[in-house]
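For clarity, chains are labelled A, B and C in written order, and residue numbers in each chain start from 1.
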């Protein structure tokens, strides 16, 4: 089940990367690169930080083909994107939850400390978007706007708490996706965001 | 043979990095850092992604000295750079082909899937330039202008196809360099580029 | 001794990261992320490049808690920061020396070549700040302003030279901190900086 959700998730993330590349007028090759990095970059950073070699996508060529195809297909589909905006936000939220849970599981399997497990989940969830934004020379959006990284944190904590309570994996996944999607959708609907820290520029900036 | 070409290639890439650092008014230390990253960053990213430890340059101090010296020498040579522009473009193209072939070979030796081998070639070819541009806070140029990353892709595919056909390594290298250089020179001469994907900024950018 | 200095150092670096995040109006989550990356990013890059897995902070949850707490505390403490400016610069300089020495030691323990040992020291010293600046979408400051990366280079060379001369570790640390702090303080006081390489933008930028 999680695998099919993962396929949907990396496709949605690849498309989000392609749109960002399009906003920067990249060529078709650049679109494919950004799509790949947005979809698989978070898991790559996680694998490197956890020393989890070989890195996941190098053993699953299918994921490479899906993200590149998804990115290039977006060039054609872009004109319909605005109408699919709502659907897109839901798919992106599904991706965020799926990535978080998968990231936690990789770190759990490798026997890392709980705080590292939570970080592995969040890194998998948000670093694809951070790499996308760095490649497009803009501030990482996930650290500023409606709740996003925080949703990943809540999902990771909930998943580990239920697991610790002995909840079955299917119940736990149901809980993670329900809470994660509701929280993210509520954040978008009512523009919920964390407080912002504003520190004025000084002469030693 | 490939080793001497590699030395030329990392020198040329180090100089290109130093010029980019100079455009951002970096100090001499910054010039050395950017020169090193531009020349050896692509291979470093490849080694990390393939789990190829120890990373190549840590076992070849000579490469470190060459790139740093090349970068610092550029500060003196910069005034002649414009006159050497044509030569520089040729050296850069030689570097692109050499990096691509070397990257493919590293992944082949480690037994990775064909698509990962192609990606290892391209990553070695273009990621030094991408890191240079990120460090200089500008959009990665290789994903927008005249054919560059695509040349790396064509070289990687050609190299693997000929290898699969049983071509000898020297014939294969000759083919890779001929096709790669011709394609890159043609791209510069006639401003050939891939189509661009332009997606208008929207309110949810 | 070096461990307590290290704790002070990562706290100071985390606070510097938090202030940079505040200048970019990041939310509280972003502040924590940038604080963590600024404090522990240099060591992370070093561990990855040296193949030193598991990465240090994954085995020391305390470091994670300290940097995140330090980052978030900065939100409250920011109003007093200007008055603590001098203290802050001293703590940052202590961090630079401590990171450099620790980085050299990790590479020495793994048996790397001397030039790689020096680079490991410098990378540990300056890459947290570079990652901070990339995440905040600005040019890496450490490659442009008052002597900073160069202080790290001098400390690394001095540390290795004294070690080679058979100096005891405590004498060596005393020398490293004395010279490093004096050099950095002098650089700030008299605005000492390396010469800058300025290369005019051309049409092929």
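Everything below uses one rule, namely that a contact is a pair of C-beta atoms (placed from the backbone, for glycine too) under 8 Å apart; a residue touches a chain by one contact, two chains touch by 3 or more.
Please read these numbers as outputs of a predicted model, since none were measured by experiment.
Peer 1: Based on which chains touch which, is the overall arrangement a line, ring, star, complete graph, or other?
Peer 2: Shape of the chain contacts: complete, all pairs touching.
Peer 1: How would the chain A/chain B interface be labelled, same or different, where same requires over half of its residue numbers to be shared?
Peer 2: different
Peer 1: Measuring from the mean C-alpha position of chain A to the mean C-alpha position of chain B, what distance in angstrom results?
Peer 2: So the centroids are 29 Å from each other.
Peer 1: Mind pulling the chain B residues that touch 2 or more other chains?
Peer 2: 48, 134, 137
Peer 1: So in the complex, which bits of chain A are touching chain B?
Peer 2: Touch residues, chain A against chain B: 18-19, 21-31, 33-34, 44, 48, 53-55, 58-59, 61, 64-65, 75, 78, 81-82, 85, 134-137.
Peer 1: What part of chain B is in contact with chain A in the complex they form?
Peer 2: Touching chain A from chain B are residues 48-51, 112-116, 119, 130, 134, 137-140, 143-144, 149-150, 153, 193-202, 204-205.
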